[in-house]
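Below, subunit A partners subunit B and then partners subunit C, in two separate complexes.
Here is the complex of A and B:
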């Protein structure tokens, strides 16, 4: 997997070593690129039905009442035609994508013997119960040929795994933009939870832009069930959804359900895409720098910071510490199976850090913790009991740091908070699809217990792990 | 000259072969020092075997007319070897064992009024035969052989205990002999005759052979405890299992159905043939035991499934800590956090009277080239890259020690140490080099 191509790194490295660290920007870039590419292709199939159906819809509600039977038949045939056109577009899109996607999809499509499943809404818990309920509804998958499940040792068989879904097996309702994103997620090109959420929301925004409500139904009723859900199912099938995607999609559905039935299509779409933009701005774009700022306040001059693997929030924080003139020593301990830390160490060097230590695995952790003043780690998610879900190995770092009285600080945007509770690393986890055989497994994550965490920092401030459930409740009340 | 097979890097085998030739003794020692320094002999088992064989040459070939000279010769050669690899504690252990052996044999010789009763008679059998018959003959011979051999063959503690006491008694009663001192000023054995030297030499050589035999049997004797430790349905964790651990697991697999988790690190760059213990897993599979290779950055992620962790030790220090593979410290700490019992397997020859470390620390560092490409200039130039090779696990992580003598607790270890090493030799590593 990303052991070969470190996840969001390469794109960013392309921007030059002195570039500011926000890796989210890269998502936006690739997405915009996708958009510009996809705009030419998949748009054509849409306008035809859209033009027909949009006008009557604008005219008023009468047509719906007048011609119930005839219109429906016509729309059925229309749908078929549309689907065909879409399929063609999707093929074209796939071709275009092979140029865009950092990991050549030709390779992806070849290596698909094991993912011989149709769109099966097997999603990780994060998707939320409501989406799971709706997941059952959508159009039945075109009878998957054979269920060849990748073999996993029994004791880990409850854990889910990303898998490649070939284009032939893709449900016809899946938008090409989502197909691309799904493939990128399955290949771990779009990897960390925040980036995935942002990419998902942006893709949904484009799906929304291309959508027009068919006659005889309303936006808020039709969109979620017939357009949004198949997309989500597809993404969840490509890779189990992360907690923040679950949060964001739940939020999106809530917003859609709030849309006034009488509102014109284009107005509803505009309002929604504006809401999505605001959501991304508040929860992701602003949250990152705020967290970095708050974390930077904990760093003193001449401190030694230890970090595990790579997380963009940690990178941003360290960059900020350097910018604010602090002389900071950094120790990077890498994940031996996904060595993203070595690129990170190089980038730190480019930011001007003088003393960087790098170790390819956790073996020297006790020795390095003796030198460290602070341990920073970015979280994939935070549970309501204060536990932190992060790259496998983080829990070891935190446990050792606690033993040796070094403060362990976790960085996490509130979008990655979940109301779930986890007390052990095998409750929620994911298996690396590339390192999984009948008798061998690599777990991607582990759960840092709250007692090992000194502080959790989110965009609202510093909090003790024990206060997170209260914070979540407050947040819920606000929404 | 003990040289390697032309065209091939020297190994333990080629070194042992070279010992059969007629090389000068100094060359024999020096070549082992070089091999140790160049890590062409590495791993505790190989180092111990090479040391014992080298010391046997010292006993056989060096010039000595009394036990004091022999002790001086052996400790001079021994400290050279120890300094060649100060982190390989087993070398020192073997040197101490041989020194203790000489002391015991010499003490006994001196106390023997009638040489005809020397228990070494039974040992005059050819070495090869000894090694084969040792196991079966030991119990029957035991009563006839009072002390010295017992000290060497650690298969029987009580014997060596009684020997210690009796030796001391005799020394006190006679009052004339001070222990063969570190000072070297003690009364030499003036009465030693040629035949006595000859007898002492063959006894010591036999004793060393027994130490070597013991090392060969350690794995089997440890494995005998496997069934007790591993229960049906257990999930047993090992980290990069050593041959001792593999033998242990395989023995358990004959009787028990359990699941083995093997935690592995990725193969270092440039290394080949790392098959994640394919041979072991195949053997287990044929026994119906499932094995799972865990390739995960840390130990905490799966530790809640584990019932017991088994560690093969490179050495056990006097304070009960263990020198083992580098990353095993992390896995063991995770196990400790989950209250998973940790069992350490080691032959008693790995138990060292030294305790050079007190807390978690790396003992040896690995070649960073294995992890970072030298052509990767921006990393090589600017970043300090370090990786561990072996590490020290403090005693508080460990629950049980299994040696070839049985299962021990931490409290038991000091008794084992005093059984196996003469008090005078414990601080051998602290002494200044005796030669130029």
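Here is the complex of A and C:
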């Protein structure tokens, strides 16, 4: 990867003249000189926003508009170029099919595909992206029969998934630290929403530190549009943003917009940097221990706690219970597709828990629940109707617990709360990139309905799920 | 006692005798006296009145010191009774209120004390007024021709039924579920309702389900009161209330919890965790006198509660959490 890294540099130079939005037709009409230059230079992918805006129209008209244009001209250079492009495209497809990222000089179709890829992460916003996707498909079909990514059933077509973006496809404005973070997120190394948010904010802080406002602009006007947004787009392309990242970035943008335009650069940066630190401290560093403490108050000596998969809030709570001298039995029901619970169970053993039961899947769940006094589950996010967005499988545990009259407690920091409402697991979800084949698609998350949750604990305390909307409303008033 | 010392901690007046330990003022005795004198006040309000009279009788100077005394007395008071939850509701609210006032007054404790002592009577008046507020907001829930069901002897519920009787005299009926543990009180309530001209049918707890299913044209609403209204909209009430609520919920009959907002408490129990042990279960193999469990209470889960009726109107059960959050800035009070 490192060897290829310089590529954006020269590409940037080549991009220069074309930077003004280039519908292909116009480019063809201009001087051949420019053309030959572009075709030798690897064309860097267009910044996602530009590609997105250009896309729908382009997708629809391209096959028709393109060919007549080529027939009309019939100049030798044109034909030669076209042939070359087609060859390049074929080669690129062959490579892409074999799993290597396309590197050769991209032609029109290739550029198109890239555009498509650049756009795809935007599917975060479900409604718009769907139409884009559908628009893109008919184009891809008549063009060479290529299949790079597995098909997603129509019912899941509004959902997005994490994917690796090679460095060539990375926008030149993306900071290396963000690139690294993006790769980590795409590989699920940085996985849970709170950690992702924290890492994002810290990386943004470093981006901020490396930034200086260009002459003739002001910090608050330049930074968000030209520096922050490309980073966010890139992160969203690597893996769809979680709700807490959305919250944090919205907050960050608000803080930036509040920066006084007369403030010196370094002062603005320092103030923002401090604000980010405080935000992380209040919303993440303090919230976790507070939640663990409040949850620990629910745990009595000799209790049996059942938990599903692994969530760091649950781990912290159990550790605290152990520290406070309670003799607690733990049952770890693992996520069969992502067995994070086995390591968790080993860590619990290391903390000194004597009786740990471990089940690699949801089998015998009712029997385990019979032994349990309390079910603890950490949430990826919480909706304003009190529904909990958590690891796939959590809803099964919650429903069983409700049926068997075992307390089901959801733990979630308020940074992961969203004002959106969800009553099913389909509206908001994410496709598991590892398990997305012709035969089946696995979704990563479950929406646990509020009626299956007995208690919700956040750093504001313990409450019933239906009180979340009131809390969010009040917090909004305070802001 | 200097009334206009701007810095409360500044003047080292001769240290007054604390009303804490061994002092003549006894918070527990005061509470019981006040409770006996004011039969129409709820326990949380009486606890607050007791704390106010503590303020009258202490002469501690600094705010900090007084807060300590108040806190210690509140703890002693709550520990002195078998069922502490209602007293916790009252004393917690009061202490929070004093702290807020101290903050607003910039730490000038003397002003706070005078204000509280002067307004102690107003406070009690307001608490009574709140109860009529509950009746005013709730009586329209009962419509002519309906049959409603109630249990226990909540003053808020009885006030509401009486108010409805004024509005639509004799045009609704009441099924009253008798309290097994307080038979005399149940008789009193039934005769009071009948004297007002309300057709009343007393039933036993054991026949609630049959009565609900058999009543023609059916029970339209269930009204429950309680000592405290817990976070989430549940209520801690006499034993029997939960089964009435569950049966009603099961039969799609709306359950209304009636109570003043000073009964709200940042406490969310579970069936067996209502703050104290009542020894309801007595497993034995010998024939023995049934142990006299005096006045047992239970928690009515908010899942069974349809709406709350407070002096501020009809609300969804999550009104309690929301109010607590708005008052204290956190769900835990």
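The rule is simple: the second predicted complex is superposed on the first by the 332 of 479 C-alpha atoms of A that agree within 3 Å, B and C clash if a C-alpha of one lies under 4 Å from a C-alpha of the other, contacts with A are read in each partner's own complex, and residues count from 1 in each chain.
Everything that follows uses one rule, which is that contacts are C-beta pairs under 8 Å (C-beta built on N, C-alpha and C of every residue); 3 or more make two chains touch, one makes a residue touch a chain.
A quick note: this is a predicted structure, and the numbers were derived from the prediction, not measured.
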Task = Using the superposition on chain A described above, determine whether A:366 touches subunit B (first), subunit C (second), both, or neither.
result = first
Message = Let me test your reading of the model: by the given contact rule, A:241 touches which partner, first (subunit B), second (subunit C), both or neither?
response = neither
Task = Tell me which partner A:425 touches in the superposition: subunit B (first), subunit C (second), both or neither.
result = first
Query = Should A:462 be classified as contacting the first partner (subunit B), the second (subunit C), both, or neither?
reply = second
Message = Touch test for A:155: subunit B only (first), subunit C only (second), both, or neither?
response = first
Query = A:294 contacts which: subunit B (first), subunit C (second), both, neither?
reply = second
Request  = In the overlay, work out which of subunit B or subunit C sits against more residues of subunit A.
outcome  = B
Ask   = Which holds for A:474: it touches subunit B only (first), subunit C only (second), both, or neither?
value = second
Query = In the superposed arrangement, which partner chain does A:407 touch: subunit B (first), subunit C (second), both, or neither?
reply = second
Request  = State which residues of subunit A lie in both footprints, the one left by subunit B and the one left by subunit C.
outcome  = none
Inquiry  = Applying the document's contact rule, which stretches of subunit B touch subunit A when the two form their complex?
reply    = 235, 259, 265-266, 276, 281, 290-305, 326-327, 329-330, 333-334, 337, 359-362, 371-372, 376, 378-379, 382-388, 391
Query = Residues of subunit A touching subunit C in their complex?
reply = 294, 407, 455, 460-464, 466-467, 469-471, 474
Query = Inside the complex, what are the residues of subunit C that reach subunit A?
reply = 231-233, 266, 268, 270, 302, 316-318, 321-322, 325-326, 330-332
Ask   = How about subunit A: which of its residues touch subunit B in the complex?
value = 153, 155-156, 309, 332, 335-338, 342, 345-346, 349, 355-367, 391-397, 399-400, 403, 424-426, 429, 435, 437, 439-443, 445-447
